[in-house]
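Next up is a structure, given as C-alpha cells.
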Amino acid sequence: MITLTTAGESHGKGLFAIIEGIPQGLKIDLEKINAELLRRQSGYGRGARQKIESDKVEILSGVRNLTTLGSPVTLAVWNRDYENWKEFMAAEGCNVEARKVENVRPGHADLAGMKKFGVSDARNILERASARETAVRVAAGEIFRQLLEALNIEVTGFVRSVGTSIDKATYSFDEIQKGRSKDLCMLDRKVEERAKKEIDSCKEEGDTLGGVLELRVNGLKCGFGSPMTYREKLDARIASALMSVQAVKGVEVGAGFSLAAMKGSEAHDEIYYHEGKFTRGSNRAGGIEGGIANGQELVFRAAMKPIPTLMKGLNTVNFNTKEPAKASTERSDVCAVPACEVVCESALLCEIAKVVSERLGGDTIIEWKKRYGELVL
Amino acid sequence: MITLTTAGESHGKGLFAIIEGIPQGLKIDLEKINAELLRRQSGYGRGARQKIESDKVEILSGVRNLTTLGSPVTLAVWNRDYENWKEFMAAEGCNVEARKVENVRPGHADLAGMKKFGVSDARNILERASARETAVRVAAGEIFRQLLEALNIEVTGFVRSVGTSIDKATYSFDEIQKGRSKDLCMLDRKVEERAKKEIDSCKEEGDTLGGVLELRVNGLKCGFGSPMTYREKLDARIASALMSVQAVKGVEVGAGFSLAAMKGSEAHDEIYYHEGKFTRGSNRAGGIEGGIANGQELVFRAAMKPIPTLMKGLNTVNFNTKEPAKASTERSDVCAVPACEVVCESALLCEIAKVVSERLGGDTIIEWKKRYGELVL
Amino acid sequence: MITLTTAGESHGKGLFAIIEGIPQGLKIDLEKINAELLRRQSGYGRGARQKIESDKVEILSGVRNLTTLGSPVTLAVWNRDYENWKEFMAAEGCNVEARKVENVRPGHADLAGMKKFGVSDARNILERASARETAVRVAAGEIFRQLLEALNIEVTGFVRSVGTSIDKATYSFDEIQKGRSKDLCMLDRKVEERAKKEIDSCKEEGDTLGGVLELRVNGLKCGFGSPMTYREKLDARIASALMSVQAVKGVEVGAGFSLAAMKGSEAHDEIYYHEGKFTRGSNRAGGIEGGIANGQELVFRAAMKPIPTLMKGLNTVNFNTKEPAKASTERSDVCAVPACEVVCESALLCEIAKVVSERLGGDTIIEWKKRYGELVL
Amino acid sequence: MITLTTAGESHGKGLFAIIEGIPQGLKIDLEKINAELLRRQSGYGRGARQKIESDKVEILSGVRNLTTLGSPVTLAVWNRDYENWKEFMAAEGCNVEARKVENVRPGHADLAGMKKFGVSDARNILERASARETAVRVAAGEIFRQLLEALNIEVTGFVRSVGTSIDKATYSFDEIQKGRSKDLCMLDRKVEERAKKEIDSCKEEGDTLGGVLELRVNGLKCGFGSPMTYREKLDARIASALMSVQAVKGVEVGAGFSLAAMKGSEAHDEIYYHEGKFTRGSNRAGGIEGGIANGQELVFRAAMKPIPTLMKGLNTVNFNTKEPAKASTERSDVCAVPACEVVCESALLCEIAKVVSERLGGDTIIEWKKRYGELVL
C-alpha cells in the first residue's frame, strides 16, 4: 500500500518526502523527475524566485543502482537559497525577528494559521503552507508516473483557461501530450496569445490570474475504486487529492457541473458492444461511474484561484498592532496555472498509484505487471 | 477520533452504520433523525419507492437512555420492503435467478462493477452501489449534527438549480434555514415553479434531471483543517466527502470555478479589524484559506448529474448475451436533487465532525464544549 | 483491504460488527460460525450466563445466497437476555438507576473508565468493556477462517496451562486440531484433570484462575508482513491483536521469553536445503524472522490473567461515596481460558486476514486463490 | 495526531524520519537527542561498527530556532560510513555485485525477504531490515520524550537480564532512572558482573546473548487508551510498538505471564481511598486495566532474542547455489540488550505520544499542557 508523507519549509533546508509501498524492481529515471521539476518552475508569468531555485531531486533512500528496493523511498529537493536564509530559519538558534511577517495576506493560511498555532509571526505558518511544498510532491509524482507507466497507465493534462481566455475545444489524450505549449501548457495558440496578453496587463497592474486545468488518465483498466464503501470511491479520492493542491477551489469529473443542467437522456454514456468489447459513444462521466473506473479515460478539471500575493498589495491588517496595512509581498508570480497543472498531475498520479497498489497488492514490479495484466479490461 | 463505517444492500435487511468516537454524554433526539430521513425521501419528482419505505432509525448500540455512552453507536435503517425481497436476497440460501439484472445501466456502477467483482448479475453490484445506502448516512449525519450543534456549529443547504432552472441570488445562512421549500428545497419560489415544470415535462418524456446544491457551515471557529499536511486540508477532506455521494460530479468551495476567471484583486477577501475582531467584506474563499477554516461561513456547492435510471430506457447491452438492450428500469425518480442535498449535508456533517474530533480530542461532551469554547474565534 | 469494526453492549440489544474487504464469492457456512460461538461459551469452569445466551450469528448484509458480495458484511449476535434488560439499557428512555454499579471492580476498566468518561455509574463503562464484546469478534473470526481456509491457511490453538497445571509438551498442528479436549481445550488429559481440580477448589473458595494458550497458523506462505516499515511487521501486528483480547497480559512468538536466556547458537533455526526446498530443523522463531512470515508454522502464546470478578469479592471502594466495599459481582466464571483461546484465535484470524488482503489485493475469491497460488512457497 | 514514518538503509546515505503532529512551540534540545543516540551505540559487548558511526541527529524541517513549528519534523541520522559504501549502495548507478550476500542468515529477514521481494542478493533486504533503522527511531523517540516531559510524563527502563544473569528485584521509577549502569543498563551490580562474564565467554566462543528489559512510564494520567474499541486498547498498541523492535520476541505488561499461574485473589490490585485519592497496594496490572491507563505506573517487559549474527557462523545455505554454507557475518555485537532497551524506550515513547495526541487534540504545546492539566488524575 502506497503512502506519501511530505515535509519541509519554503525557506528551510529543503522539501522532503517519504514514499512507502513502491514495489521492488522499478527502474528510476532521475532526469525525468528533474525535467518535471523544471516544468513546475517554468511558464509564462512566473516571478524571480523560480529562477533562483532550479530544483533537483536527491534520492536519500529506497533506491539502489537506480532500482527500487521495496523499502521506503526518501526524496529531498534542497532549497538552493537556504544559505541566505539560514540565519533566519535554522532549526538551531537563529534570528526569528528579522524576517517577521505581520501583515497577514488575504487568500493565504496566514491569519487562520496564526490563530490556530498561537504565533505572532506569519512566517511560522507561511513557510509550510507555501506552494513551495509542491516541489517534493512533484518529485514523488514522477516516481508514481514511472510506476504507473510500467503498467501502461499514463497521465497528462493541460491548461484550459487563464483568466478569461478559455479554450473550450475537445482534445484527445495524444493531442494533449504532444500539443501542449511550454509557455502556458495550452493547446490552442490563439487562446494562449490572448492569455499572455492578460498576464502582461495584469503584471503591469500588479495583479494576478488563475485558470482552469484539465487532467487525463489513459490506460487505467476498469474496476479501480469501489462502490462498496464511501471512502473507496475513486472520484472522491481524486477530488480530495486535487483539492489538496494550493489554490484549487473546484474539482469536477467528466462533464462535471455542466451535467447538472442536462437531461438524463443527454448526460449518460450509452453502452454498445463492438468487436468483442463494450464501448461508449461519449465520456461525459469522465471515466467513473458509481465510484469506479469504467475503463474509459479519466477526465478531471480543477479551478485555480488567482495567486493571492499581489504586487499591488491587498488591504489587510497588521496581526499584532491591528493597524490597516498592505499585505506583505515578496517577489511573486502573476500566473502559475501551468505550474498548478504540473502539481495537479502529481496529486493525481499519487492517488492513482495508491488505488492501484491497494487492488494489486504485490511486492515487486514483476508481480504488479502480471496482476495488472490479468485484470479484465 | 470519529469514524463512520456503513453497510447494507438496497433490498437486503437494511442499512447499517457503526460510528466510533462520539463523546460520552450527548443527548440524542430520535425524532430529529427520523425527520431528516423523511426529508431524504421527500421532494417533488420522487418515484414510488420512497413511499414504500418511510425510513426510521433504530439505535442498536452506544446509546442508553437517549445519551451516548462513548462506545460505538450502531444504527439500523431497516428495509420495510425486505419481506418481499427475502426469497431473492437472503443471506441464507435464496433464489438468485429471479431478480437477475443483465441489461447494464449507463451511469451506474453496473458494468464496471460486474467486471471488477466477476459476476454475471448486476444485482450483486447495484444492491450496494444504490443511493439507498445514503439512508444510513443521513441517520448518522443527524447524530453528527446533534453533536456539532452542542458546539453551536450548524449546517444547512439548499438547491440552487434543477436542470436549467437556476437561482443565482445570494442568501444568508438564516434565510436558507428558514426559507427553503419542502418541495424542492429551493429559496426562490419563481425558480422553483419553473423547476417543477421542467420536472413535469421530463416525467412525461420518461427523462430525468440533476441540479446544483449549496451547503453552508455556520459557527465553525477558525483553525479547523491544517496547512501542514496535504491530507489534513479541510477543503480536500470535504471535497472527498461530497464527491463520495452518489451522482455528484463536481464540488467547489466559495466562488469556486468562477474564481478562475477573476483577477487576484477581485478574488480575495480583504481583511479588516473592527470592534475587536478581524473581519472581511466578502467570502469568496468560502471560509477556507490555505486548507484551514478561517472563521467565516463555509460555502460548498455540489453538482448532481441527472438520475441515470430513465423510464424511457437508455441504450445498452445485455452483459451476458452482448445483445443490444434497453437499460433495466425499476420504478424511479425524475429528480432527486433535494434528496441529494440532504445526503450532502450528512456527508459534510460527518467530515466536519471528524475534523472537530481530531482537534478537540476528549472523551465527553463536557470536555468537547469546554475545549471548543477555549479556541480562538 | 480488510477492516473489522465492532460495537455493542453486554446487556444491550446485541453485539455487532462490520467487516469491509471480504472478496466476492466466498461461500459462508453459518453452522461453523455458530459452532465456534458455542465453543466460546463452553468449557469447564464457566458460570451461569453462558447457558442463558447460546449465541447465534445473524448476517445483516454483504452475503446473498450464502455467498459474499464483496460489500461490507454486517454481523449481529443478538443478546437473548435483552428483554430482561430493556428497561435498564434501552437506547430510548430507560431506568438507569436500577442497575447502577458503584463498587468499582479491580482488574476491570471500571475505575479508570469512569474517570475518563465522566460517569458515576460503572455500568456505562463495563457494558462495553465486557468480554461479551468478543462474541461478535468470534463470529467475524469464523468468516476470516473460512476466507483463509480457501487459501489452505489454517489456525488452531490449545490451552497450555490453567493456573499451575501446565502442559509443557510439544505438539504438531494436527495433534492440536484433533486432540484438544472439549472441557478445557487441553491436550494432556492428566494435566487437564489437575486443572479441573484447581478449578473446583477455586470455585469453592470463590476464586478464579487464568492460564496460557498457544496458537498456530499452518499453511501461511513466506513473505507476509514486511521488514520495510515498523508498522508492517507481522509479529507486531499479531501482538497487538492478541493483547487487545480482554484479560491477555503477555504475548510471545516462538520460544518467546525463553529465547532471552539462550545463546545465539541455540536460539536460531539453521537453514538447510533438502529436496528442492529450504528447510529448518527447528522453529524457535515461531515462523517469523525480521517481521516476516518465513513459511514455517506461526506459533504464538498469550497469557490470560485470572478473571477479575471473584465471587468472594475483592476489596474496593464505592466510587461515589468513597466508602470501602466489596467489588460488585454478578454471576461469574471461575476459569475462561478455553474461551480466551477461542477469542485469541479470532483475533489472530482477523489480523492474518488483514495482512493477506493487503498483499494479495484483489476483489474476488478467485483472484485471491490465483494470486496466493502464485506466491513463492 | 502524531505519526512517525521512517526510512533509510543501513549503509545508505542515512536514516530518515518524518514526524507529523508535533504541536507548535515545543523547545527542542538537540544534545539530549544525541546523548540518547550515543547510549544506543554504547554498552558492554558491542562490536566495532558502533565506534565508526557516532550518530548525530540533523533536523531538516519542522523546527526553527529550536522550537517546533507544528509542521512535519524531518530527522536525518547520516551514515558516516557512507563514503566507503557509496560505490556499492548509491541510488544512482553503482556496483551491486561487490557486496552481494548470498549465505542467508538464520534469525534475519534474509531468506523470507529475498523470496518476498524476488531478489538474489540478501543485501537488498538486510540493508533495510537491519537494526540500524532504529537509530532514527531513537532520535524521534527523544522528540517524543521532550514532548511528554512537557506534560510531566516520563519514561525509563533497564535491563533485567542478559542471558542467564537475571535481576528479579523490585525497583521504583527513581531507582531505575538514577541507578542504571552505563555498561549494561542494569541495577544490581552483582548480576551485572555475572552478565559481563557471560558476555566475555560468549565473545570467546563467537556466540551471542539476548535478555529481558523492563520499561516504565511515570506520570501518565488515567484514561489513556480506551476499552471501547479493540484497536484503541493501550496495552495492544504498546505491545505492537515493542514487538516491532528488531529481535523482540515477547512482550508482557505488569506481572505478565506470571499472572497466568496466580489466583484471582492474588492477581488483582485492590482499590482503596486514601487522602482524597483512589490508591492501590500493588501494581500487578502494570498500570492498565480494561485497555486503559489506570493512573499507576506503566510496566512493560520485552524479551530480546540473542543477536542472530554469530562470529562462529550458523549453518545455512547459499540462496543461489543451494550449497551448504556458514551464515554471512560482518563485524557484529555479542550482546545488544542495553541498546534494545534504548530502542524499546523510543518505541514506547512514540506510542504514548500518539495516544496522548489523540486524546488531547490541540495544535500548540500550550493547549496540550492546559488540556492535560485539566484531565482527572
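Order of writing sets the labels: A, B, C and D. Residues in every chain begin at 1.
Everything below uses one rule, namely that a residue touches a chain if its C-beta (ideal position, glycine included) is under 8 Å from a C-beta of that chain, and two chains touch if they have at least 3 such contacts.
Computed from a predicted structure; not experimentally measured.
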item: Maximum centroid distance from chain D, chain identifier (CA atoms); value: B
item: Pair with more cross-chain C-beta pairs in contact, given A-B and A-D; value: A-B
item: Chain centre separation in whole Å, for chain D relative to chain A (CA means); value: 37
item: Chain B and chain D, separation of their C-alpha mean positions in angstrom; value: 45
item: Centre-to-centre distance between chain B and chain A (centres being mean Cα positions), rounded to whole Å; value: 27
item: Chain B, residues touching no fewer than two other chains; value: 5-6, 20, 70-72, 116, 118, 128, 223, 226, 228-229, 363
item: Contacting residues of chain B [partner chain D, same complex]; value: 1, 20, 70-72, 223, 226, 228-229, 357-363, 370-371, 374
item: Complex contact set, residues of chain D against chain A; value: 3, 5-9, 12-16, 18, 20, 24-25, 28, 30, 58-66, 69-74, 76, 89-94, 96, 116-119, 124, 127-128, 363-364, 366-367
item: Chain D - residues contacting chain C, complex; value: 5-6, 104, 106-113, 115-116, 118, 125, 128-129, 133, 137, 161, 163-164, 166, 202, 205, 207-212, 222-223, 226-231, 233, 235-246, 248-257, 259-265, 267-273, 278, 280, 285-286, 289-295, 303-308, 310, 312, 314-317, 322, 324, 347, 376-377
